[in-house]
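Both complexes shown next keep chain A, but they swap its partner, so chain B is in the first and chain C is in the second.
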Partner chain A sequence: MSVSVLESKRLEAVLKGDEEVEVVGTGTDAMAYALMLADIDVTSAYPIRPYGGVMQTVSKLIADGYLKAEYIVAAHEHDQFEIVKHASAVGARTFVGSSGVGWLLAIEAIVVISTDRYPVVALIGNRALDDPGAYGVEHNDALMVRDVGWLLVWVDTAQEALDTTLIAYRVAEDPRVMLPVGISMDGAFLTHSEHVFKIPPKSKVQKFLPPYDLGNRKLHPSNVISVAPQVNEDWVTEIRKQMDEAMKNARKVIVEAYRDFAKIFGRDYGNPFVEPYMVEDADVIMVGMGTVSRPIKEAVRRLRAKGEKVGFLRIRWFRPFPTEDIIHYLSGAKVVAVVDRDYSFGSPFDGGAVYTEIRSALYEAEHRPLIINFIGGLGGREITYNDAINMFNIALDTARKGKVEQRVIWYGVRE
Partner chain B sequence: MSVSIYTLEIIYRGIHQRHLARNLARGIVYAARMEGNAALSYQRYGDDPERDGVPAKYFVVIAKGAGSSEDVLDAEAARVEPDFVDVSIVLDDTILKGVESWAWQGIQPVHLKLRPNGLLIVVSKKNPEELLRFIPARDSPYKLVVVQGERSIGDFWTFPDDGTVERVLGAIAKVAPDVLSLDGVKRFLQSLDKPDVRVNRAVEAYQALVRLREVKPGEGIPYKYEPPHLPGYKDMMIGGAIPGLKPNQRNPLFTGGTAKHYRPVINFDKCTKCTLCWEYCPDSVFDPTPDGYFNPALAYCKGCGICAEVCPVPDTIIMVDELEFEDGYGKFIDEYRMWKENREGYRKWFESLLPKAQIISARKR
Partner chain C sequence: MTVTVRLARTVKDLLQMAQTEYFNAGHRTCQGCESAMVLRWVAKAAGPNTIVIGATGCMYVANTTYYTTAWALPWIHTQLSGTGSAVVGTAAALKALMDKGKLPREKINVIGICGDLGCADAGLSEVSNALTHTKYSFLILMYDNESSANTDIQETTMTPYGALTTFSPSGKQIRIMKYRWKKNMAAMMVVGHPEVRYVATAIATDPIDLYNKVRKALEIGGPTFIHTLDPCPKGWGYDPKYSHEIGKLAVETGIWPLFEIEDGKFRLTSTSARIARGEVKRKPVKEYIRRQTRFKHLTDEDIEYIQRKVDEMWEKWLIPGLIPLTKELPYPETKQ
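Take a look at the complex of A and B:
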C-alpha cells in the first residue's frame, strides 16, 4: 500500500507547485514530509515504537517515488546510527532515530556522531526507559545525551515537528555548528495522534535550506583525510573546546534560521528557544517541554478567566539551553512551577532535569522566584488540564504563602 | 629531615618487556619503601605497551627522607610523565636508536628527560664506547652506565625471570646509592622467592657488571630533536580530522620505526620478485623498484619479521640486530640503492651479516 490516495495529490502539489497544502497526519508523518522536502539522501531504520511511525511513512514516500533516498534497514540501533554517521561523513544528508532503550543501545554511535561533528538529524520518539516496560512518553531517553554535543529540541505539534525538522538541518549543517540535532516528540501524544498541518512547497524549502556541504571534511577519494584519530591528552581538550564553541554558536544560528524561516514560509515562531504563553504579568509561571503544553495552556485560560495571573513557558531548545530567555521570562514571577516528564534521581534537590537546569540558570537572575517542581506524566500517564489546574493551585498557594513547603512533588503518585 | 625527590624512568619494549619493566618499577618502589622512603610508580599511559616493540615508559618517584608520609608525593602523582628524570634505565639497547611515543611527537632521543649529570643505565652486551655510536649528542653532560647482560625478551603473558631485575637493581645501588642502597635492594630481594639467588645476582652486578662513562656535551651522533607543534583548537580541522596521505606518500610525522630491535636485509641477488614480502608486510614498508624488486623503507619497518618468514627463497631476507647498523633517528640506509651502486660490496656485506641473523628466509632454524 502506498501513501494514501488522499495524500498523493497534495504531495504532487508541494513537490511541483509553489503553494502549501493542508493534510491530516501524525507528528511522525509531518516529520517524514519534512524529510521529503529536505531531500535526505540516506536513512537507516530499525523498528521501535513510537519512533517507528516516521520510518513507515518515509518508506512509503520512497516507494511511491516522492523521495529518492537510500533506506537501509539496520540489524539494531547501534548499526542504525553508525550507518548514518558514515553516510554523513561522505556527504549524504541523513536522518535516523529511535526511542527509549533503543536510543540508548546506540549510545556509543550517538556520541561519536557529535564528537566527529556530523550534522545528523534524529527523531527521538520519547519513550520511558525499560524497566518496567512502557511504551509511553518520558523524556529521560533524550536527556541521556544532554552533555555530549547534541542539540536537543522538543516540539508539541505536528506542524512544529515538520518546521523544526527543516530548521534542524539548516542549523546542524551550518559550518559554524556542525553538530547533530535530536528532535524530541512525545510518544503517543504527538507521534500517534492525527492533526491538521501544512506542508510547504519544496521550492521554498530549497530557498531556506542550502545543500549539505561538509567542505574539506568530506570523505572522498579526491579529498583524502583521516577522521577520528587517536589523539589522547595532546588534542582532546582542543577538540572538546571546538564543540563548546559550536554549541555556543548554535544559539546565534538558531535565531537566524527561525528568522529566515518566518520570512520564507510566513510562519513566525517568535522566540525560537521558548514559547511564552500569557507570562507578561503572571505571578505563577509553569514551565514544561513537549505536548504537556496543550493541557497547561487550557488550564491557563481557565484560571485567567477566573482572574488568576498565571502563565506558561514552553522550552523548545534544551541544548543549547536558553539561559537568557529563562531569566528574562521567569525572574519576574513570584513562583515558577516546572513540570518534568523525567527524573534525575539524586540530583541536587531530587527533582527533574528541567527543574535542576532552571534553578541553575536563575542563580544569575537579579530576582530569584520561588521554584517548585512537579514530576509527572511518567510512562505516558496523562496530564490533563485538570491536573494542570491542580498544579497551578499548589503554585498559587505557594505564592500566597511566600515560601516553598515542598520543593519536589511527585504529582499523582499513589501511596 | 629534609626530603629529596628522585625520579627514575624505565624505557622498555612494548609487549616483550612490559612484565619486566613493571616488576623492576615495583621492585624499586618496594626497595625504596623498605629503606623508609615514600615512593610510587606509573606507566606512561598513552604508550600502549600492548603494541609489539613500541618503546614505552615506566616512571618511579622516590621521596627520600619522607618516612611514611605520602603527601610529599602529591606533586608527582596523577601525572602523564615527569618533567625531568635523574635516572633513565633502558632495558633494550636498540631503544638507544630513538623513542617514538606519539605520532606528532617525532623521534625523541632516549635521554630527552634526563637531567644534566643524570644517569643513563643501559642493559647491553656492548661497552659504553660502542653504545655512544647510537646515542645523540646533547648540550649537557651525563653518565652512561652499562649493565652487562642479555636483552631480556618476554611476551604478552610470561615474564622470563632471568635476573635482569636483580642486576638492574644492583647497578642502581652501585651508581646511584643516593637513590637506592644495596642494603635496600637486598632487603627487597630477600622478601621474594629464591632470595639467595636473587641477592647474588644483584651483588654480582654491583661488584662486577657495571661500566660507567662520563659523556661530555657534544659527544654522540648528531641529531636535533624538534619538539612538536601542537595546534590550537582554532587551527585544527573540525572534529580533529587531519589531512590524509596521498597515494605513495608516507606519514612524515609518524614513522614507527623505533619499534624494531631487528630489521630485514634483502639479498637482491637471490630475490625472484615474487612480491610476497611486499604483500605480507603489515606496515606496507616495501617500495616497488622500477626493475621489480622490493626495497624496505626502513624508517617505517617495525621489525616484525613477517617478510623474512614469507620469503620463499633461502637466505634472501634476513632479520639482523639493529645495533649492527649505525643509522636511525630518521635517516636509514637504502638497501636497494646500496646494492645497485656496488653489487660486490653489497654481497660481501650481506654475507657478513648472515651469521648474525635471527630469522633467515626459507631456512629451518
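Take a look at the complex of A and C:
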C-alpha cells in the first residue's frame, strides 16, 4: 500500500507550501498527519483495534518518505511503551498508543513514563476491556491511568484529533509540564469513521511547536547522569509533589497553547478544557466525553426548538480536571446529567468515573445542582439521538420534581 | 567476516588497555559479588562513549541508591522486563537524531544489563524482539546469579537443578523443589535470532575472556548478547572470599562452558577450549556443588545425575541452526 497520487500531491503541498489542504480520512488518519507535521523521531507499533489504524497510516507515510522516523514493531504493549520511554530519554520526540487491555498490559511502562517525566504522546483508541471481548468504545481503558500523572484529553472530530495532537506535544514538552499526554478517541465512532479535515502546512507547525529539548536531562555520553536511581522512602514524596506541580502548571500551559494555536492556524477552540453547547440559560445540562456529543447536540437543538432549556457540556481535558469550568458552567443548572461511557464499580454512589469527579467538583459550588448519571454505550453500543432525547426527558422530569429519584441509571440495559 | 579489535592476551595487556574505571566505588553490593565484577569489566571494556541501561534487579538495587551511584557513565533504569525495549528505544533514538542532524554522528555504545529473572523470564520476549532489530547496535548483558537475589533469593528458570532458594526449599515430602533444568539462554539467543552476529558466555573469574568478548560484541555491531555466570555468596551460600574459586570451578567442572558464536561460528574459549582439546581434564561437578550450601541437601545420587547431564552436554549437544542441514554430522553415542 502506498499513499495515492492525489494524496501525495496534497502531502507535498503541506510539507513544502504555506497553504492548508482539505482531505477526507478517518480520525486516526488525521492523527497520523499530525505526527508527520510534528516530525516525530521514534514510534513503536503493536496491533490492536481500534488504535491500529493510526500506525497503518504512519507506516505508510514513513514508507513513502513523508515522515522520517524510526519505526519499531514491538513484541507487545509493554515493549512498545518501554521503547518510547527510552527513546524520549535520549531526546527523541516519540509517539505510541494502544487500546483496551493492550493499553493496560503496558501499565508498568506507562507509569514510569510519567514518573520519569518524559513527554510521550499516545493515542488511546478507546475500547472495552476484556472479557468479554469487544472492539467497541468504552472509556475505562484510558480512565485507568487517571491517577498516575498522564494528561488525558478526549477528542470529538478528526480535525480536533489532528489539532490536539500538535497541541499535546506543545503542552507535554513545555519545561513547566514535562508529562505525557494520552489522547482518547472513541473506538470506531471516531478512529474509523471518515471525516473532512484540513491538514495545516508544516511551516505553521514549526512556528507553533518548538523542537523537543530535554535540556540537562538528556541521556548522552557528554552528560553523565543517573536517571531513576533508587531513592527509597527518602525522596518519593518530593518527586510526587513535583509531578503535582507539573500537572497544575499544565492548566496554564494548555490555555497558552490553544491561544497560540488559534493565532497561528486560525482555528479557535474557545475554552480549551470544555466545549459548552447552549448552556448559558439551560436548566438541564448533559455532560459527556467524546463522540456522544453528536446525538446529544442534535437532541439539544430539537428540544430547544420546542422551548426546553437544555444544554450540553463536553469535557475535553479530563486530566488536569477542569474544576473551575465545571463549577462555572454547571452550578447554575437545576439538573446535571452525566453520561458515562465507563463505570467505576463500588465508587461512592456506584456510578461512572466522570459523574464521581463532577460531583466532587460541584461540592465547592455555591449552588449545587441535582446530579444524575447515565451509564450508557458500553462496549461500543450506540447512543442514538432518540436515546439522548429519552435521557433528557428523564433529566427534565427530575428538574420538574426537584429531586433525584434514581442517582445512577444504566441506560437501555436489558433486564 | 570477523571483526578486528585489539584483544587482551595477558593480564598485563588487560591492565594496560583498561585502566579507567567507569563502574566505580559507591555501590553497595554484597562482599564477593561477582555480578559487580562483571559490570566493572563491562564498563572498562565499553569506555566513556557509552549509555548504560539497567533493569530492576540486584545490580539496580545495590548500585544506584540515590546519592551513591557507582556509574561514571550515563545510566538509566528500565523496568524488570524492559531491557530489550530500552536498548532498542535508545539505539533507535540515537539513530533518528543523528540521521536528522539533531545529534553529531558518532559511535555510542548502548548496553542493557539485566539479571536472570528480568532477562530469561520476565523480559524474554522483549529481549528476543530486540535481537531481531538488526539495524540498531547494542549489547544485552545478562548477569546470571541463578536466582532473584535482591528480593531474597527466589527461584528463576536460571536456578540450577536442585538448588535451594526461598521458593524452592527442601521439605519432608519433597526434597528437590527446583526440578527444572536450567535454560540454555546463550544458545537459545543464537539459534532463535539467526542474524545476531555475536553471542557469548563469560565469567568474571576470567576477566581477559570477559573483556575481549565485550569488546568484540560492541565492535561487531547490530544486536549482541553476552550471558555471564556470577557466583553470589548470599544466594549460593559460601564465604565471600571464595567467589573467584567457585567461579573457576564452574568452568573447570564444565558446568559453565565459555564460548562465543561469531557470525555463526562456534568457538569454545579459554579453559573450556583447553578442556575440549584434552589439555585439561574436567573436574567432577561434586567439587563445585559441595562448596555451596544451596546444594547441601543433595545426595550422591543427585550429584551423579547432575554429572551425567553435564557429561551429556559435553559429549552430545549440538547447537542447532548453526550447522548446515545437508551435512551428516558425527553424533557421538552416549556412553551407557
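General remarks:
We take it that the second predicted complex is superposed on the first by the 415 of 415 C-alpha atoms of A that agree within 3 Å, B and C clash if a C-alpha of one lies under 4 Å from a C-alpha of the other, contacts with A are read in each partner's own complex, and residues count from 1 in each chain.
Criterion: contacts are C-beta pairs under 8 Å (C-beta built on N, C-alpha and C of every residue); 3 or more make two chains touch, one makes a residue touch a chain.
Computed from a predicted structure; not experimentally measured.
Look at chain A after the overlay: chain B and chain C clash there. In the superposition on chain A, contact of A:234 is made with both chain B and chain C. Of the two partner chains placed by superposition, chain B and chain C are both touched by A:224. By the touch criterion stated above, A:134 is placed in contact with neither chain B nor chain C.
In the superposition on chain A, contact is made by A:92 with chain C only, not with chain B.
Of the two partner chains placed by the overlay, only chain B lies in contact with A:117; chain C stays clear of it.
When the two structures are aligned on the shared chain, A:76 is found in touch with chain C, with no touch to chain B. When chain A is checked against chain B and against chain C, the one touching more of its residues turns out to be C. Mapped onto the common chain A, chain B and chain C collide along 274-282, the only clashing stretch among 94-102, 274-282 or 346-354. Common to the chain B and chain C interfaces on chain A are residues 224-229, 231-232, 234-235. Residues 41-42, 44, 68-70, 72, 74-76, 78-80, 82-92, 94, 108-109, 112, 211, 219-221, 223-232, 234-235 of chain A are the ones touching chain C in the complex. Against chain A, the residues of chain B that register as touching in their complex are 46, 80, 102-104, 230-233, 236-246. Chain A makes touch with chain B in their complex at residues 115-117, 178, 216-217, 224-229, 231-235, 237-239, 241-242, 245-246. Residues 48-51, 53, 60-61, 64-66, 69, 71-79, 81-82, 84-90, 92-97, 99-100, 102-103, 108, 125-126, 128-129, 133 of chain C are the ones that touch chain A when the two sit in their complex.
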